[in-house]
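What follows is a set of structures to go through.
Below are two complexes that have chain A in common, paired first with chain B and then with chain C.
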Partner chain A sequence: MEPAVETKKLTRVFNPKKKKEGASVRALNSVDLKIEKGELFGLLGPNGAGKTTLLKILSTLLLPTSGKAYVSGLDVEKDYVEVRKRINMVSGGEISGYGLLTVRENLWMFSQFYGIKSSIALERIDDMLGKFGMLDKKSEKVRTLSTGQRQKMNVIRGFVTDPQILFLDEPTLGLDVNASRTIRDFILDWVRKSERDKTVLLTTHYMAEADQLCDRVAIIDDGRILACDSPENLKKLVKSETTLRLDVTTMKDQRVLGTIPGVEKFTSTDDLENNITSLRFVLGDESAISDIVSGVAKGGSKILALRKTEPTLEDVFIKLVGKGFE
Partner chain B sequence: MAVRSDLRTFKNAAWLGWQMEANWTDPFLFVIYSIIKPIAGTLILVFMYLVITSGATNTLFFSYMYVGNAFYMYVADVLFGVTWVIHDDREHYMTLKQVYIAPISFYMYIFGRAAIRIAITSMGVFLTLLFGVLVLGVDINLAAVDWPLLALALVLGLACLCIMGLALGGISFLTAKHGQGINEGVAGVFYVLAGVIFPITILPGWAQTVSRLLPVTYWMEAVRRGLEPAVMAGLPGSTGLQSLSNLQLMLALLVSTVAFLFISLGIFKYADKVARRKGKIDWTTTY
Partner chain C sequence: MTGSAWIVQNLRAVRGRAYPRVLGAQREPSWIFFDVALPLLTVAAYIYMYKFMDAPKEFVGFVILGGAMTAFWLNILWSMASQFYWEKETGNLSLFLIAPVSRMSILGGMAVGGLFFTTLRASATLVIGIVVFGVTLSLSSPLMLIAIFLVTMVSLYGMGMMFASLYLLFGREAYNMSNLMTEPIYLASGFYFPVKALGYWAAAGASIIPITLGLDGLRQLFYPESSAQYGFLPVGTELVILVGLSVLFLILSKVSLDYMENLGKTTGRLTLRWQ
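Right after this comes the complex of A and B.
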């Protein structure tokens, strides 16, 4: 079975309009990617990394300068007619839409370009408008929507046509927490319930989004893929172990805590004035946490606060690039 | 399958065009744009004619000019219309890329949108002609009209305009919003060279050669022969195409339309490729 998306040494160079306006930009630099059917794949990178450029090439809007890109085994450059039947794309921050049409009409019209039966399309539209909390807007003209509502409408447009492969370019860009969560939940549900039939390639510059949502993540910077793996495996690249911090009421006998299996390092500081002991554990094995908690209880202390710090994709990015995001 | 999909696309695009152009939420504006504007435009020409000839409107030549001018509205509207659709979709609604990556024939989308423009323009053309006949004494006798010739000429001519619109549409993938110059140029060339308001015989020889390559020239002649046969028969001097029989005239229109079909498709395909190479489909003008 061919992969949903595959690129081979994909390169895209943008030339300045006039020579003197500066050097050409290598937006994609020999990108090799393989995304399997049924994956929820994330492309994580800062602004200007080349994410949008890649999605434009895959969705037949833009041609590569060199290298190859395949969608469902089809060459995006030559077989674009066939590619278009299988895909759709939505860009975040997209406020597009025919202002004179109603939300429902606008979505329905695009579904018709994909030959979706009218009754099925309308059912799907109402269902999604409901899930996105926009059912009351369905008969409103598109031009009366707020930017956030327009963006949600466009995300719906991507799903309404029921593509095999959906490209989402920063789908939650600038949306509030609730709207973002709704969209993420919907994406996840859509991919999962298809039983490996649907593929999503989404780009984001939100670390947490890539981490929580995606099966695999490719980290892109300056047109190059620096790493590509599951979020868990990526985080293993930065070998900082799990750190557990506990604030407890003053604990006199702490010896037992240092002997718990899985605890690699253990430090404590007492704040007698406030009756607090701060404990810090470096864990080789997270199963030690429950032993620590019961150890504290046996020692007669109460837990006031508990924090677990784990490596994030941000740490991975910093390690790979040598600088943080933005 | 492909035919069904094309028909569906045409229907959808026409539906969209109707929603957007026949803006009944503001009937007042709609009436002004589709009816008053064309008639007002015609009156300017009539006024200039009267000043220059200091004459009357009941001459054969006035009827010749008036009809040509009325049908020229189609030329301007279809050619500008297609380009306008693309600019509007791209820069105003920002939907061009969504339509572009849809699995449809973009030609059918353009033709669907153009069909609505043609329908609306037809109203303007009809009212302009009516106004001419009733108020200015333009010589159109319904009993004498050669309906089959007129109908065939209209169908072929409008198809031809849509085809040329396609080429301009392709070019407008590559031009900015203010790049209407090409269209104005093309429309202007037709106005002068295609015998719209004066016979091509008053042009210099080389220009007449160009005229005979343009389908619009044959179209104008065919429409006039269909609509005002008496005027065409009685006109002093030659229109330059009088030696052609009706059949020859329609053949000439057909042949030049087919030739333009190939030219237009070539231009569109080329422009489409360049647009994809340069990333112009979702590009907006930045000032």
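Right after this comes the complex of A and C.
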């Protein structure tokens, strides 16, 4: 079975309109990617990394300068007509559609560009508006929507045509927590319930989004793919151990905690005034956590707070690029 | 996919894109003032002038027909031609381009919607003009009248479809073209007087704008008695030329659309907002 998306040494150079207007930009630099059918794949990178450029090439809006790109095994350059039948695309912050149409009319209009029978389209639209908690908005004019509602509508537009592969360019850009969560949950559900039939390629510059949502993540910077793996495996690249912090009521004999198997480092500070002892453990093995908790109880103390810090994709990015994200 | 399935798909696309324009006519009734009442003022000025000069009575009808047809010319210049330009800014253009139907269907839908909306305006101008100024039109050959009108519209909107891609290619400069082309075409196409008055060669040159022959043909058909005196070419000849212009502009609009799309894919500029 051919991959949903494949690129081979894909390169895109933008030339300035006139020579004197500056140098050309290499937005994609020999990108090799393979996304399997049924994957929820994330492209994570800072602004200007080349994410949108890649999506534009895959959605037949832009030609590669060199290299190849395939969608469902079809060459995006030659077989673009066939590619278009299988895809759709939604971008964050999009203001597409017409303000004087209602939400439902607007979604219907875009479905007509895919030649979908009206009754089928409207059924899907109502179903999805329901899932996005937007049914009460269906007869509102598009220009009256809030940013979050508008973006939910845009995302629905992408799903209504029931594409094989959906490209989402920063779908939760600038949205509040609730709207973002609704959109993420829907994306995840759509991919999962398709039983490896549907594929989503989304771009994001939110670390947590890539981490929580995606089966695999490619980290892109300056037009290059620096790493590509599951979030768990990527985080293994940075060998920072798990750190556990505990705030407990003042504890007399703490030294025993340092001898628990799996604890590599142990420090404690007492705050006598507030009757709090802060404990910090560096763990080689996370199974030590339960022994630590029961050790604290045996010592007659109560746990006030517990925090576990683990490496994030941000740490991975810093390690790969040598600088932070924004 | 079978041929008929392909046609159905594309007809749906036409309908989809026409819909917002058709609906716009109902949802934004302010057009009645701007697009019907204001043009009537110009029409009225010419009518009073002709009356004052004791011009032949069909001139009042000529002016009202011309006034109604200005609606189509304004729609071509200010809506059809600049449509892609605005659609680019909102991101709609990219969505049209990645759709799996012929982009000519989407462009065609834009034209059909504009045509519908503008026919409403033009009819309103016509009806009000007829009532207020007591104009009588004779309907001697209704089929020919319908044929001339439809073919004029196909070629005119074909021209508009061509402008849509060209305006996008030339950006802001082309936008100034709309300004430049409004008044001169009122003159060249004879909106307020029979185009024959310009002389044969000037009228022939102006005939590249489909509205010139269309308007002349309509005037001849509504006033058959004076057709020999004021008509530019025989109506049958005008119809044939208009059919030719329709084919020409539809082909040119397809060519410029393809050219625009390819250039966009190569340079990456056409789907970029604010550039």
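Observations
The working rule: the second predicted complex is superposed on the first by the 323 of 326 C-alpha atoms of A that agree within 3 Å, B and C clash if a C-alpha of one lies under 4 Å from a C-alpha of the other, contacts with A are read in each partner's own complex, and residues count from 1 in each chain.
Criterion: a contact is a pair of C-beta atoms (placed from the backbone, for glycine too) under 8 Å apart; a residue touches a chain by one contact, two chains touch by 3 or more.
It should be emphasised that the depicted structure is a prediction, and the values quoted were computed from it without experimental measurement.
Superposition of the two complexes onto chain A shows a clash between chain B and chain C.
Counting the residues of chain A that each partner touches, chain B and chain C differ, and the larger count belongs to C. After overlaying the two complexes on the shared chain, residue contacts for A:Ile95 are found with chain B and with chain C alike. Using the contact criterion defined above for the overlaid structures, shared-chain residue A:Ser139 touches neither chain B nor chain C, since it reaches no partner.
Of the two partner chains placed by the overlay, only chain C lies in contact with A:Ile116; chain B stays clear of it.
Once chain A of one complex is fitted onto chain A of the other, the partner contacts of A:Leu63 extend to both chain B and chain C. When the two complexes are overlaid on their common chain A, residue A:Glu105 makes contact with chain B and with chain C alike. Contact with neither chain B nor chain C is seen for A:Thr259 once the two complexes are overlaid on the shared chain. In the superposition on chain A, contact of A:Asn233 is made with neither chain B nor chain C. In the superposition on chain A, A:Val81 makes contact with both chain B and chain C. Chain A residues in contact with chain B (one complex) as well as with chain C (other complex) are 14, 56, 59-63, 81, 84-85, 87-89, 94-98, 100-101, 105, 109-110, 112-115. If you check the complex, the residues on chain B that touch chain A are 5, 8-9, 12, 15-16, 19-20, 23, 25, 93-95, 97-104, 273, 276-277, 279, 281-282.
Of all residues in chain C, only 8-10, 12-13, 15-17, 19-20, 23-24, 27-28, 90-92, 94-101, 106, 264-269, 271 touch chain A in the complex they form. Residues 12, 14-15, 17, 53, 56, 59-63, 81, 84-85, 87-89, 91, 94-98, 100-101, 105, 108-118 of chain A are the ones touching chain C in the complex. Chain contact summary for the complex, chain A toward chain B: residues 14, 56, 59-63, 81, 84-85, 87-89, 94-101, 105, 109-110, 112-115, 157.
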